[in-house]
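Next up is a structure, given as structure tokens.
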Amino acid sequence: EDIKIGIILGFTGPIESLTPSMADGAELAIKEVSDSGLLLDGSTVTPVRADSTCVDAGAATAAAERLITSDGVKGIMGADCSGVTSAILSNAAVPNGVVMISPSATSPALSTADDNGLFFRTAPSDARQGVVMTEVLMEQGIEEVAVTYTNNDYGKGLADSFQAAFEEAGGTVTINAAHEDGKADYSAEVGALASAGGDRLVVAGYVDQGGSGIVRAALDTGAFDTFHFPDGMIGTQLEANFGDEIEGSTGQHPGTDSEGATVFAEIVGDAFDSTSPFTPESYDAAALMLLAMQAAGSSDPSVYKDKVMEVANAPGEPILPGELGKALEILAEGGDVDYVGATAVELIGPGESAGNYREIVVEDGVISTVKYR
Amino acid sequence: MIVVEDLHKHFGGFHAVDGASLEISGGSITGLIGPNGAGKTTLFNVIAGVLEPTSGRVTMDGEDITGLPPHDLFHKGLLRTFQIAHEFSSMTCRENLMMVPGGQSGETLWNTWFGRKRIADEERALAAKADEVLEFLTIEHLADHKAGQVSGGQKKLLELGRTMMVDARIVFLDEVGAGVNRTLLNTIGDAIVRLNKERGYTFVVIEHDMDFIGRLCDPVICMAEGKVLAEGTLDEIKANEQVIEAYLGTGLKNKAAAGAG
Amino acid sequence: MSAPVKNTLLFALVGLLILLTGVMQSWNSALLILNMGLVSAVMAIGVNLQWGFAGLFNVGVMGFVALGGLGAVLVSMPPVGEAWAAGGLGVLAGLLLGAGTIVAAIIAYRRLPRGRGRALAMAGILVVGFFVYRAVLDPSVEAVEAVNPAATGYLGGLGLPVLLAWPVGGLLAAGAAWLIGKTALGLRSDYLAIATLGIAEIIIAVLKNEDWLARGVKNVVGLPRPVPYEIDLQNDPGFVERAAGLGIDPVTASTLYVKVGYSILFLVVLLVLLWMAQMALKSPWGRMMRAIRDNEVAAEAMGKDVTGRHLQIFILGSAVCGLAGAMMTTLDGQLTPGTYQPLRFTFLVWVMVIVGGSGNNFGAVLGALLIWFLWVQVEPIGLFLIQVVTSGMAEDSALRLHLLDSAAHMRLLTMGVVLLVVLRFSPRGLIPEA
Amino acid sequence: MTGGYGAGPDILHDCTVAVNRGEIAVIVGPNGAGKSTAMKAIFGMLDLRQGSVRLDGQDITDLSPQDRVVNGMGFVPQTSNIFTSLTVEENLEMGAFIRRDDFSGTMAQIYDLFPILKEKRNQPAGELSGGQRQQVAVGRALMTEPKVLMLDEPTAGVSPIVMDELFDRIIEVARTGIPILMVEQNARQALEIADKGYVLVQGRNAYTGTGKELLEDPEVRRSFLGG
Amino acid sequence: MDLLNALVAFANFVFIPAVAYGSQLALGALGVTLIYGILRFSNFAHGDTMAIGTMVTVLVTWWMQSVGISFGPLPTALLALPFGILGCMALVLVTDRMVYRFYRAQKAKPVILVIVSMGVMFIYNGLTRFIIGPDDQRFSDGERFIISARTFKEMTGLDEGLAFKTTQGITIVTAVIVVALLFWFLNRTRTGKSMRAYSDNEDLALLSGINPERVVMYTWLIVAALATVAGVLYGLDKSFKPFVYFQLLLPIFASAIVGGLGSPIGAIAGGFIIAFSEVTITYAWKKVLGYTLPESLEPDGLVQLLSTDYKFAVSFIILLIVLLFRPTGLFRGKSV
């Protein structure tokens, strides 16, 4: 059997520069499984890409529909942005009974979506990140911050959950202001942020979108010189853009001290950017889907959907990136695996990542790990 | 019928109409002449509501009509033509005429869906009337031509034709004659007289052709520099020194020479 | 070839394209394209009313479509009782106060004699009104938004059948259009365009940032449907049996059933609108509109109330766009303000109207179906083209890899090429105005 | 010449007009006869289907309008014949666009001829009255110092005094040796000064003769000159 | 002292950024307004024309950097700029010949050209991404600051810093020069006047011996130069990212229109109006007031007229208000 897996990401549109490495990540896992020849008695797996545009629900649904009904994909790795993800979920995946594992849709609202057991995500809900972020900042003794977020469900959800957690912990948020991505100029936002003041500027945005624009303007005007970055901002692009200008800035993003991430980076090598946001998550999403098929002994989504949680969580043999072949073998023999992958996947509740985070600091212009939590 | 009192219209610092006062009596055919730039067209535009006056008042049968929008004035029976033809270029000549009458039931959206029978009847009558007018203007063969693609003079005719589609009370004609063949112009002159006699239209006519003015108009008003310069019968006006100097001139200097050459 | 024959052929061609999609890809894809195509056709009719009939350059389509979507939420979502208890009345009172302030200011403007007194009075009313309004509104909004923000945090809707939302969406858009028309219709051509564009951006900004209204950027998902859910059909033995009778598996049957349901609903709306627009266009009303479009000054002199008519058609066209917006939100099952981008919801609709042939309703519909088809299908077409181009190259040539990597961008490129080709061969649109 | 607009029907049928050095030729005829069309055809603004246009014996049928300008033809169209957003002076300068020499002398002459233009030299031409625009248009054509001057109803809408001046000036120009071809509805006056007259009816030459002959022809008088 | 601090804070966060951004918009708007004025359509491809010109400049800059050519304290990109302009010129001329000329000959309505330009926009868009990719590209080098906030503080001893970037300085200077040149060209030279004549009345221009194809060509050449300069300056100041250049289209159009389409002065005024309204209206005055008011009166809140969420909306409201009082823009633009 040749099993097709859909990869729906915004290859054009506002996050078009994040998506290529995400797709590469997913395809790496697919290739690994396919090449092993161990999946379901030697089935091969072919990825099929489609464009979610990140913002256009109509086009995204059409693309997903085409993947499912025309290409006959057995599962969807995607989508990326929360908005189109829920559109595809309710308009294409659920009606057609196809499993969807998103690597990056982090909106808290997706936890309660009506998914008929078909939707999972290898990214944690942003409700959790807000709490973690508070801990990180409080430990450094920072009690007053300004917050700016990208004006979408991700940014807003994250900023709100952070503000709630931070104020709960006794901190002050001097201003919580949105910024729109892809705009030409951020002087107004930075002016307001500078006026409000704070020990640090929390930028809940995207590194190659408005987030960097804000940081650039804040640095240039001298408004802030240290920042705190959640997941969307952390990537090599950040180092490339600012280097030691943001010395001492901190942040966190989903990740663990499991060797997973390192192993993943090794496997990837120079092929693409393995630390780009949501790239490891993409690898994991694709891997999980295929492992679940193996565990269920079927590529029928209505059958293997029940196995996703099982392969993701303990008990069982821990599986790192590059060990998918091993996992397939174990599963084929009726054994149990605990997929750890590149992001230490642990699915909780309605099938979303529990949320382990890597705390980072910028030192000598390089992002380095402080610790994991 | 129409009384204009101390009307001013300024463009920036320029006083195009500068305190004009005049009276047009019902049933007359009044000629309005004056040098280029005297403010005749501007005066029309102010009376017809296209331009806001800077100051002054216009009344029609005692009712203040200053600053009313043109479409209201139309329904009060005040019509005008344009010096530079304003045809509806993408519509046929017939349609150009048929659109004129107000109060067509087919102009209400509701009727276009639920009153189609009545519309059809009205349209037939309108089309017949339009064809009559076109025939009168000797352009019946252009009925189905796009108005944007007829000759300059024909556009002027259409312009006049529109005023013939409804029962007007007063019609302002801004140089209908410019660019119209003289033979046809005579016919138009006859028509104006007939409309004036038979239907009681009042006319105000701007024209530079003294023969035409002479055939139709009494009285004649001459404007210059935004003011009324003289008023009276054409002969009186023609004899007025100021008018001769500013407007009429004394004929060709080179005529004799040209004739010889 | 006579015009009717050519037009029929063009429609047949688009039909064929959709059928081909059905045969070569899947019927589900084909129907999905058809459905959004029909919704786009309704939008295109709205724009055509304004531009093709009256020459109004409205580039705020996006705003009206979004308002229609808001209508769908406000009508069909269940009310959030807790939020109403927390601050519903406060919000309503705040809004009423806000509206009251403006009305009071307008009354003051009309009643009071011209002069400094009037200006002061108006300023006073506005300033005091603004603060009272904020004082009443803000705490209530905060209370509403605090109610379970991850799932609700807004007032919800009326919980009425979603089909009712379609006319309501239209009304909402019409109301906004009335307000806009009253102020901005004096503008001409591109000036009106940028004004409407700006207003659309303002509408979207409100939708994005006023969470109490429709959850802002957090989106409202799971709107009720006018057609059954696929899952329910799949679990309905009767349905499964009938599907089996037709030889289709139940999942496919259910998805097709639902889509056909939408298609029928949309088609009915489209045909009714098309009939109404055609009748209006071919009547003295349409003639008057064309006259106004050709030459406003002359039309005004011929007794046509140009301003009034502009307002009328602006409201009508916007209402049609609002209706389409409500239909689209119903089809999507969610309202996501972030997805409202001018490129997609304004300019693409304009492309539809112009490619189809402005001033011609059938042209607008044809353009909508064709352009939407392309918008969806240029992606695979572009990919295919790239594959053809690269097939001759060496496996590991850098150029080939680069091209394959960039394949996604073929989507826009292909769209551009197709657009230019179509317009080159019929510069006045596929079905030009007579 | 035979020709028409776009793919439309023929509007000109074997129509011939000619004007010699120092002469004034006037075309008259009913509205829609094809007078303006004939002018445009001579100027190369529509494709001829038959016939030819010659300047100084040289066939220029295939030249583009702007090449004809370079070859010394000047034309004032009947409608939209000024640059409305340019000032009066700039309008005149544009008339002299192809001239490389100093044209201030010509400009002064034109201001002499139409004093009102001097007064309004820095005003956008679009703000002028109908008759004033006509003066700008004629002035613009004169600025070219053309070898042939073609005027389509130059006196439409100008006051009698200006019309007289205009005709005077046209005669003067003709005397300097420049042939002038004009369309006129003020036919009587025009024919009085014309050396040659053409009556065009439905795109065909109906009558041709000297100005005087036409003026005296009773048929012409009745049908085209208003009795 | 406090007053000085307030002034510096204002200059640093509002005035300087707005002037630089305004100059960038103004240069973009000039291109749009020229096309509108002379070729009579709204060119939707302008943002992407800027992107293409900039892209060529970026590529040449990289090459120069790799072979070690530099421009002292100034960005190398300025040396590469002429190449970018040439590349952009070549592209728009080819586009004009292959696309727009056909519609000109047809005397197509402006709106058709608008839609056609959208097609061109899609193509340019794809082209840029094909060649350089969708990502952020950095190509600025040289001295970043004329004066940085920190240096300023050290120099003056004030609490507030004042940053003035090299790119901002270059932007402003270039804008002034370009605008002056353009004015001189349009109003004083024969070619410039013939362009205005053509824009006014095509047929009559023909009758005056003006070669329309030449006018069109000059227009495109100037527009290409303007677009590249605007794009490069913007890219130096912020960064080069194709998607953002597309997004720039909106404020650029707003600038051109608020100033009056077809009016170069209007485009400049419009650019500054849009930039200033974006930056000032949503400015939080807390800091400035904190310095100027006595302690007892110091504000608790942000003293912000409106939150920055509405900054775009606000600039559009200002635009609307301007248009309500001046229906064809501040400088009486055209309308087709």
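As written, the chain order gives the labels A, B, C, D and E, with residue 1 at the start of each chain.
Convention: a contact is a pair of C-beta atoms (placed from the backbone, for glycine too) under 8 Å apart; a residue touches a chain by one contact, two chains touch by 3 or more.
A quick map from chain label to UniProt name: B, D = Branched-chain amino acid ABC transporter ATPase; C, E = Branched-chain amino acid ABC transporter permease.
Since this is a predicted model, take the numbers as computed values, not measurements.
Participant: What are the mutual neighbours of chain A and chain D in this structure?
Facilitator: Looking at chain D and chain A together, the chains touching each of them are E.
Participant: Taking the mean of the C-alpha atoms as each chain's centre, how many Å separate chain C from chain D?
Facilitator: One centre to the other, that is 54 Å.
Participant: Give, as an integer number of Å, the spacing between the C-alpha centres of chain C and chain A.
Facilitator: 31
Participant: What whole-Å value do you get for the distance between chain A and chain E if each is reduced to the mean of its CA atoms?
Facilitator: For chain A versus chain E, the centre distance works out to 36 Å.
Participant: Could you tell me which residues belong to chain A and also touch two or more other chains?
Facilitator: Residues 12, 16, 151, 178 of chain A touch two or more partner chains.
Participant: What are all the touching pairs of chains?
Facilitator: A-C, A-E, B-C, B-D, C-E, D-E
Participant: Along chain C, where are the residues that touch chain A in the complex?
Facilitator: Going by the criterion above, the answer is residues 24-29, 32-33, 36, 149-151, 208-209, 216-219, 221-222, 229-231, 234, 251-252, 254-255, 258, 328, 331-334, 336, 338-339, 341, 344, 375-376, 379-380, 405, 408-409, 411-412.
Participant: Taking the complex as given, what residues does chain B use to touch chain C?
Facilitator: The contact residues of chain B facing chain C are 48, 50, 69-71, 74-75, 79-80, 82, 86-91, 95-96, 98-100, 102, 104, 106-109, 111-113, 116, 119, 122-123, 162.
Participant: In their complex, what parts of chain E are in touch with chain C?
Facilitator: Interface residues on the chain E side: 36, 42, 44, 99, 102-103, 106, 108, 111-112, 114-116, 118-127, 129-130, 133-134, 250, 253-254, 257-258, 261, 307, 309-310, 312-313, 316-317, 319-320, 323-324, 327-329, 333, 335-336.
Participant: Flag every residue of chain A that touches chain E in the complex, lowest number first.
Facilitator: Going through chain A, the ones touching chain E are 12-14, 16-17, 151, 175, 177-180, 182-185, 187-192, 194-197, 208, 212-213, 216-217, 220-223, 237, 240-241.
Participant: Name, in rising order, each residue of chain D that touches chain E in their complex.
Facilitator: Interface residues on the chain D side: 43, 45, 65-66, 69-70, 75, 77, 80-86, 90, 93-95, 97-98, 140, 144.
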